[in-house]
């Protein structure tokens, strides 16, 4: 970390800052220039809060040289991490296709969709049991019963299941879930991340609505610091001023994350746009950008399941998307 | 809610949508124009997800006529809510001044600051026991012990205490806490909000980093729907492209929220800017905008507590801020 | 346009608003509901400023039913516009590849690059003559002389040329330029747009850094209202909170714009990311999303032209990108 | 400027970068650490494009030590600049109050408003002659005739006049205008800024919708580099995700700009919110934050001038705002 000191700062204040840095177990290289004094911090600076340093009255500017994430950092782990989920994998050369309904509604519904998406080429089944709704008056999901239904669909099709946890008190209901999803709203629920770090379960960590890639990696670090390296990152759109789509898919996040980390990176085109007719082109962009997979909403009954209609594909539409996605992947091999 | 149907939409699809709306217990007023068909939904539409409707292939545009929050809505509760916290109040005519350190560190520290801020005019004491840190390698707070120390400072000074909860599993440790703070990262932790709704404890709800005012009000609604109307809203800066300050204080949120809701609205200038030397002017803007109070970080030992130095005032600086804030309030009476 | 009136509004104020609407040559359909009064405006509302109406004290909410852009609107012109540029075309089935250096520096430089990009498959040559620099101390481009050099490169290779105009006073220097580029900073330079509307020259209109897609279309409308329908839209990244890339490429803008308008839509991956090593994957995403082309920076001398090095490809890298892009296009046919 | 080189970079590439830096007339201090090599650039780095350097493949990170703006920088000009506009001043201790209608419409209108705002305490008169409208179908202003009417109102009241220029071709019409306003959309119209730099006219420079404070200062630098130091900066709201107000007033910009620069800083609460009923509180926040003035829209005929109604005050409302603003200023003296 490099700290540039303001012009005309009292030597006593600079010394005070240097003493504090040393008290954190770091050493300091002081370089006094004509115009400015620059401090170079040497040692493990990962616990130094850069915003805090930037806010100090004597500090002109501050810059990290090394990233504050270690376990997630590609520098220290050059090879791609491949997360194994039963018979499926995420990361490396394979392209994971996770598909299923927004909400689990009934045994018939989830089983019918599971069979359809498997046939079309999905590698895992997703479905919401606990639902994060912005309104307290909305349907909050089947909760524990929804997980039971997912497990039935798994038994039927062999597809590993992915479903979202909303609070660490729910953790024991997730014993048989293959991949625990942490939603965008919970990306910085540190207590939950720590609890997941103590399990060995694969975690699908979604990027927060206004989280930088560095913050996403720090959240992954929370899980990994506890000993669980099975983290899958998911770009699902960020909040911007544009309202033509629900969120703005940050497709550059794919090559950027692949540079920063060895963890697998997937894309959720359904939530990124909120519009079913954009899901197909956005899925192709995920493949084109080099993502390790996608997560797509599929519903089975357009006339009844209006809820799903907004951002979900029918099984037939999904099957076509899978075919074309594979063609794009093949073209770029 | 008004739904504008796309040009040239199949009548069957429109009928399908109308049927779905009716199945939600609503009635529909259909107006067929030369260019466009418009549906007016009549009844309690608060459980309709507007993003979902907007994403439907037959929908051109959609607009709410009434807000989806009821309990928090000023339309149905024209009078200001005044939250009573022991001998203090938030809302109405009084201006609450909540002050204290970023983190509770020791008995000496918290008691010394409590005495100083009380003398300067603070009406409540704040201090972090559980700390939400972006890095797993940072100090995570004294946790339960920190709450004990806050209670000692309360005994000494009579100031009610405000401290942040990070997970609902911590709730029973908060029995004697006067105001439970929900941080920006947890604004949409729905399970936590529901749990707080089942208590009668005053809740200080901070706006999420990228949450709209309507979303903040929906989170308040989660708490209020459970029967707890003691909610204090807190503007603490939003994330924008500007990096000169840590966040961008959205000062217009104060008059806007006061129009939308009867709940009290306070401002946190310390976290909004992340820079101690901007805390004074931003506190004056909070008073000038009509806020019901402020929450300010104060530290006691600038040489040791470097951490606090970034965005915290010394007790002397704080005392001057209180004096000038009162002058602004007086000027605008 | 639908205007929802606030609860409990004075009838006189509503009548005043209705009179004003009528004075704009529109008729009004008034629907008085139990809770709210709703006005439906009938006629050509394209000159009504929606922000203005929204700000009125009696207005609860307002929504457009029809878009304020007419000439650019796909509803009224369902077929794709194909812009013809000498022997090249943009729009429809073809994929335009516009390539060249950031700045025109010398005859040797621009001719060498022109030959290389033509060989690799480029359909047009780009190069900056007038440069919009954020610092007044930066190189401001060769200006008129740069255009002369581009014309020499065109003579040599037959590639039509694209270069940026910065002020309408420069317009006559652009007589022989094939496509006039309007940069992101000038997207709402209305006087310039009007002047370009009076020519018949193809215009490549870049999206402003913080412009919505609707605003981009309104800027296209400015040009088209003058009688010039040869407008090419260009997504080049928007400003968000994320700093890992210079801007955030909004790849969803491609399917969204193609739905809203018949004008061709291209992508500039070089400026969107500002990072050369992301240009290849982002170009593939443009093809995957259905764009009508890309504009890519290519430099010829990595050791000397450090300036170009940041976001530019070498001719060899560019040739590989073209090959793979064609493979993606083929895969999705 | 400090450049951190990526781990494991080829020495030849680093040497190449060093050679380029030297070719820009700078010297380089190379510090080879255990983990990373760091270059310190010495000399006038204001012409180095930091985004360009950041995008280089060998660069890990880069940070400016000194700002790229010189003339606008408070470091080199510690005393406040006071811009003199006839009998009025902006900057230093005085608080400028610029008021007037959105658009100049007629002699009667502008004169009536001018008299009213002068009586209420305005120090300058504003009014739009050239109007930047997002729709080509909207009223584009009275243009040259509007300036004539403003000059008549000036003759009548003695108030200096402020009006917006939209293109440098209009410059000679502004000969008698006291303060030339550059709108948010033109903040980076570099050709216009350069032309204004060659005059000595006071320029009111509005912050672009998505411009950082550093970019605003670079635009001021464009004007100042030409020899015109009479620049007034204006915060008028930035674009964010929040839609409750038209823009988000960045009130922290006031203390931040006052730290960065010696130029006067004013606030435009009318455009920041777009809502008349928020103009009063936001004006008080401008005074509370330490701004050197405000610019407020005032209209005279609420029933006819519906256009102005949205974000404009009546003369009576304006008079009350001036009185209370003065009380806030007095309270903070």
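First chain written, first letter: the chains are A, B, C and D, and each begins at residue 1.
We take it that a contact is a pair of C-beta atoms (placed from the backbone, for glycine too) under 8 Å apart; a residue touches a chain by one contact, two chains touch by 3 or more.
Being a predicted model, the structure only gives us computed values, none of them experimental.
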Greatest separation from chain D - chain, by CA centre: A
Selected interface, A-D versus A-B, where C-beta contact pairs are more numerous: A-B
Chain centre separation (chain A, chain D; CA means) in Å: 39
Distance between the centres, which are taken as Cα means, of chain D and chain B, whole angstrom: 31
Centre distance in Å when chain A and chain B are each reduced to the mean of their C-alpha atoms: 26
Multi-chain contact sites of chain D, meaning residues that touch two or more partners: 210, 239-241, 277
Chain D contact footprint on chain C (complex, rising order): 16-17, 20, 46-47, 49, 51-57, 68, 132-139, 166-170, 185-186, 188-192, 194, 209-210, 215, 218, 221-222, 225-226, 239, 246, 274-277, 303, 306-307, 309-311
Complex contacts: residues of chain B adjacent to chain C: 2, 4, 7, 31, 33, 35-36, 38, 40, 42, 60-61, 63-66, 75, 210, 239-241
For the chain C and chain A complex, residues of the former touching the latter: 210, 212-214, 238, 240-245, 248-256, 259-260, 272-273, 277-278, 281-282, 284-285, 287-290, 324, 327-328, 330-332
